[in-house]
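Pasting the structures in now, so scroll down.
Across the two complexes that follow, chain A remains constant while its partner is chain B and subsequently chain C.
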Partner chain A sequence: MAASAKPRRAAVIGGNRIPFARANSTYAKASNQDMLTASLEGLVARFGLAGEPVGEVTAGAVLKHSRDFNLTRESVLGSSLAPTTPAYDVQQACGTGLEATVLVANKIALGQVESGIAGGTDTASDAPIAVNEGLRETLLALNRAKTPGQRLKAVARLRPGQVVPEIPRNVEPRTGLSMGEHMAQTAAHWGVTREAQDELAVQSHRNLAAAYDRGFFDDLLTPYLGLTRDQNLRADSSVDKLAKLKPVFGRGDGATMTAANSTPLTDGASVVLLGSDEWAAERGLPVLAHLVDAQTAAVDYVTGHEGLLMAPAYALPHLLERQGMKLQDFDLVEIHEAFAATVLCTLAAWESESFCRDRLGLDAPIGALDRTRLNVNGSSLAAGHPFAATGGRIVASLAKSLEERGSGARGLISICAAGGQGVMAILEAA
Partner chain B sequence: MTGAYAGFVNSAVGTKLAAQLGLPRPVRLRRYAADAPLVEGPVLVAGLADAPVAEHVRTLLSDEGVEVVDAVPAGSRLGAVVLDLTTVTEPGDLDLVRVVLAPAVKALRASGRVVVVGADPASATSVAQAASRRALEGITRSVGKELRFGATANLVLVAEGAEANTDAAVRFLLSGRSAYVDAQVVRVGPGTPAEPADWALPLAGKVAVVTGAARGIGASIADVLARDGAHVVCVDIPAAGESLARTANRVGGTALQVDVTAADAGQRILDATGRHGGLDVVVHNAGITRDKLLANMDESRWDSVLDVNLGSILRMNEVLLGENGIRDGGHVVLVSSIAGIAGNRGQTNYAASKAGVIGLVDALSVDADLVRRGISVNAVAPGFIETEMTAKVPFATREVGRLLNSLSQGGLPVDVAETIAWFSQDANAGVTGNVVRVCGQSLLGA
Partner chain C sequence: MELREVASTPALGPLFARAALTQRGRGGALPAHGLLLAAVQVDRAHLLDYQHLCRFAGGDVLPHTYPHVLGFPLQVALMAGRDFPLPLPGLVHLENRITVHRRLTADDRLDVTVHAADLRPHAKGQLVDLVTEVDVDGERVWEGRSTYLRRGRGDANAVAPQSSPPMPQGPPAGVLRLPEGLGRAYAAVSGDVNPIHLHALSAKAMGFPRAIAHGMWTAARTLATLGPEASEPSTSEVWFRKPVLLPSTVELVVDDSGSRTVVGLRSGREGVREHLVLTLDVEAGA
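Showing the complex of A and B:
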């Protein structure tokens, strides 16, 4: 592309999500497709898109059935969007929703589409359960067998232990450690205290409850299966109450991570409507914000060189340099609360002179963040975290918050993901 | 048509028994269908003296391809009778009703129509004329009670000089859209009706707001307004968002989750219509019931019903009917209730709000600013309508409610919606300040 042909910025027009439910509760029997379709339906209704096509719909799920190979397209076909709307699936663990947003925004920026919907869905309740690996190999061998002898041989390989199914686990395949155990190591490394984590969790609940009370979610959320608010939200949460909980991750006296300062398993879905300014104007649709920039990063957590969820810390300097900004220039910052410790470790790393120098190659530390700008409408500790749905939740909420603050306000989104990855994006109020 | 009684009298045994005992026999009413004619069968049009409205009616019927006759044709049954008595001046003139209607009523088809057209008694120039004009109301209401098999009788009162404004009213009353409107008086006044390019899409290009659109009557209103060509902004409380989205997507409209009692509800609704270029029709349908005998009525039941059903409308109208709100020539439709006319045990709060709605219509329809801007304000007052709400009424009460009307059945949400859609037509601009009951001539409050 010629230097003069600067790509246009994609507009964030609005979003929709269903309330997030705790796993094995209200949405226990809802599939990923059900929830993604419901989110799309609410979005279509909000913006009057029934019967209309959009450029493309991009979404995904982290825990996915093999039958859902075309999850997003199937959801589109089950929605009120025109059946001529193309769709594809993406998957980048917990970064899925934000990565999908970046993908759609980039196509809009390049003029390849005029509009698009990005999103994600996840269910920890209606999880895919696979047959035991040994049974799978036996069944495939049986399928390949051509003679009665070969069949008999294959069947002879059946063993009682093979009836035990494969249930998806929240574990890093290369370390065998759960995400919580990884986080506990990082939290210990940065000396993040139990009190600081509990305070962050309480603040998340308070901020989310306040946002509901002032009607902030009236045009961001559509009730589903009788749920009108995030089920995990505890408006009366307090540091005293949380202090009574026993740690669930980490070992011994140093264990600080509890069920309250870690996100629970959650079911839900979210979608974001993006478009060119022209597309929005033609339809009289509002433009809340534009996607300014995005950056992904990954860390070597397998050897223990870096913490599993620290990748966003590495993505930020690239964004700041490209945009000529400081962390402190952002009006609002959204750091996904996989665990309270994730947020606190990331902030601590940015304040650390040695980390910024040795790991990020910076002359000076990125510095402290004004905490009043952080997760102002609550985040995953309160709302819950249906993996792929978190990105869409944050993009739509942040775009609206920035719009409320006025034109030019900038916001940063940071989402950590399994596999030592991180996705970041910058939004600017239109 | 639903209900245990209707099921019984339409069964093999029930039909015979009902005929022998003279029991009411509800029939399936003729309702709007896209491919149905305005009226099925020929229409007898008659009138007294020069009958100025009859001529308009003959023209519109010919335009619709409906056969017009001067007398009951031998061996044929009538679809409707239109009798123009705008020129009655003395009681002796009324005998024409008997002469024309007696044979016509006998020859009327099921779901047939009797439409009597008269002049407003209030503008009569003599006592005898006033009395004769008013007599038409008694005649029409009685004929409504005598008609059987889903036929209805209604009276159109035309103001001086508004003879040309009656088309939309006559069309509505003759059509299947008015299935459950019986024994009503529709007043047609001045105003400047605009005939639609296509009578099948009388609301083409219009933007309408319907509150309480998630389910029940509100969802039906959205359906009918959209069917008639309007873009519908469907409003309901955030908690009803899932049903609301279903309604909005079904009608190709827009969903707006806002509580009508919120201080900024009017502004948010207006903002939502902005993207469609303006606002033409406002339907204040949102409403709740919190029944309790007055002796046991608590403050919250009282306040919530009054605020949702009446207070919120007054507040939203400040914005919706303001200078930057509804466009000139627009239409405001409210939903009253038979309870607001007749009262209802256990519903002092609800009846207060619904009677209040009628007062609101009375006042707004003569508001100088709205009159100057050509904005019509009308209300429907539903009787027993088959909804989720009435399905919860105890069995016996429900069956009685269904049967205590001239059509011997409950109405459907679509019947209320059809009347609202008719109030929303530019072609109907001469009709303002009306409260039309959609009650099948219920005995309550009659």
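Showing the complex of A and C:
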């Protein structure tokens, strides 16, 4: 492709993931590399890529051991892909998988690669535990010491308390608040009710269970360590059952967020196969969808100006303007259910005249979304949310759903991420 | 051949002890029966421990060498029996050959049988093969042949076993660092609690300067470097030379110029200490 030519659209050819497991359960001893390799191997088998190189593999993990600095390349080397396949890691918190997809798609669009695999993996079970910061400094000082006196001085800084390790915590470094506590503040601001959150959670479980029952995941998933379905899925979930749970985030009577309408800590991995139309045709692989556009955004949550997980609300107007579309034009919309309240706050913001005017600078509100188009095959509340693996799960599922609806059907993906960020993308059925 | 079914995987500690206490006065022919462990369901936690220790990707696919670990307790049970002609203590694992007929996963129910075959003279003593066969629904899916040497009065006229291809030469493709506790870690996974592997002191009592790595760990770790291809239909052969003392650092040398891949493990200055030579033949179209 000549450098001046109009960029082509990258094709989403298919995807693969392993069932997601609740943390400290079935995948407790599986590493990120194990899970990413298993997802890759399933994809390689499904699309006949054994021994073949692809343009690049891009994936990441949010909770990562320091030994996994080259996690994706190491996983490629452990897979059946040709060892000549380049790879690199990305990390954008829960946006990792979708951002990786956008990166690979952009290289395909520019003609820099003909094919690629994007994905992500995360384990909350096999989490990295680091040595205590005081011990780390002491050990580094000991390592720098050249004379016996310096060594003695360094060793003298050892303290009993330094044996306590550093365990990763799900809190924002700048606010010290957990993601759930941040979300609870935003939910209270938008007046999102407990009932609405529980209903959304139940719908997520029902939609996911129905998708499994109709065989939707048969070509999107490889069983792993004995799991054939997402472990968190409760097909018999009901609003009555969920109403009995005690809130876990927020304070006092106004607390609405429970373990059921928040995503649990989860282990899992997912990958997506992308390519140019020509590459897919050469290999005889049908194209499900194309990646049309993408947008990231970030908000100032540190001062409390905006809610931590509201960035996708800000990304959407850019996409709509570029594509000349309305929210209501999308056949399907996937809003990652970090919490039920995340979805409901985002939808409420788009319906709000004052928010759309004052925050987004729009003349009119974006408006309401037909909820029958939302997360039609379930989302993170039911499937679970291994942080970096969620993007790949959604891209592959949405591409297949759009393809089922027919050529030209468009879908929107919205994923919020720690650090007040958000990633969005538009797919269109081939 | 008569197969005697065992209800569950035998514990190896008592078997080693019994074999040591009953080692005198053995001789005669090989036992006419084999042992069967039927419908083995792979324990996924055990599989994952094995995969991590040998550096295979953790998952549902059984590594090339994994069924050997399932069959090994039956090998020991057979060799510890009073009707086995050679005393178990001091048997040296000389060679091992494995054929994977199809890719196996943790979902397969495995019928594992072990029998002894080919008691034969060797220049330095006697050789015997312990044959492990794995079937799924009556179909042969995996087989292994472990050749053990009983040192003793040899037969200079004995037919020499097929020799290994030459050790690959040149700079190392990689370096493996084997920690002191490796023998204990592999014993915990494989059940092979032979004292020569467990600790420097127990190994010294058996005549070794330090603990030595399990041969089948070194074979598995070497195969793991060759990637997932080895779990597909393929045949490996390994010739064990000098044992690897623990802890130690060994070099991996690879020659993939021929139709089959040849890998060696060596150590010492100029790589003069040769530990094993392994070949892997992947079936065409596999």
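What to note about this one:
In the analysis below, the second predicted complex is superposed on the first by the 426 of 430 C-alpha atoms of A that agree within 3 Å, B and C clash if a C-alpha of one lies under 4 Å from a C-alpha of the other, contacts with A are read in each partner's own complex, and residues count from 1 in each chain.
One rule holds in what follows: contacts are C-beta pairs under 8 Å (C-beta built on N, C-alpha and C of every residue); 3 or more make two chains touch, one makes a residue touch a chain.
Everything numeric here is computed off the predicted structure, so don't read it as measured data.
After superposition onto chain A, partners chain B and chain C are found to clash with each other.
Once the two complexes are overlaid on the shared chain, A:283 sits against chain B while remaining clear of chain C.
In the superposition on chain A, A:192 contacts neither chain B nor chain C. With both structures placed on the common chain, the touch criterion links A:218 to chain B but leaves chain C unconnected. When the two complexes are overlaid on their common chain A, residue A:118 makes contact with neither chain B nor chain C. With both complexes superposed, B is the one of chain B and chain C in contact with more chain A residues.
By the touch criterion defined above, A:127 reaches neither chain B nor chain C.
Contacts of A:78 after superposition on the shared chain: chain C is touched, whereas chain B is not. Of the two partner chains, chain B is the only one that A:47 touches; chain C does not reach it. Of the two partner chains, chain C is the only one that A:31 touches; chain B does not reach it.
Steric collision with chain C, judged by C-alpha atoms after aligning on chain A, is confined to one stretch of chain B among 149-157, 383-391 or 437-445, namely 383-391.
Residues 38, 41, 80, 223-225 of chain A lie at the contact with chain B in one complex and at the contact with chain C in the other.
The touching residues of chain A, counted against chain C in their complex, run 29-31, 33-34, 37-38, 41, 77-80, 83, 223-226.
Only residues 38, 41-42, 44-48, 50-51, 80, 215, 217-219, 221-225, 228, 283-286 of chain A touch chain B when the two sit together in their complex. Residue ranges of chain B in contact with chain A, taken from their complex: 231, 234, 238-242, 244-246, 248-258, 262, 274-277.
Chain contact summary for the complex, chain C toward chain A: residues 44-45, 48-49, 51-52, 57-61, 106, 227-229.
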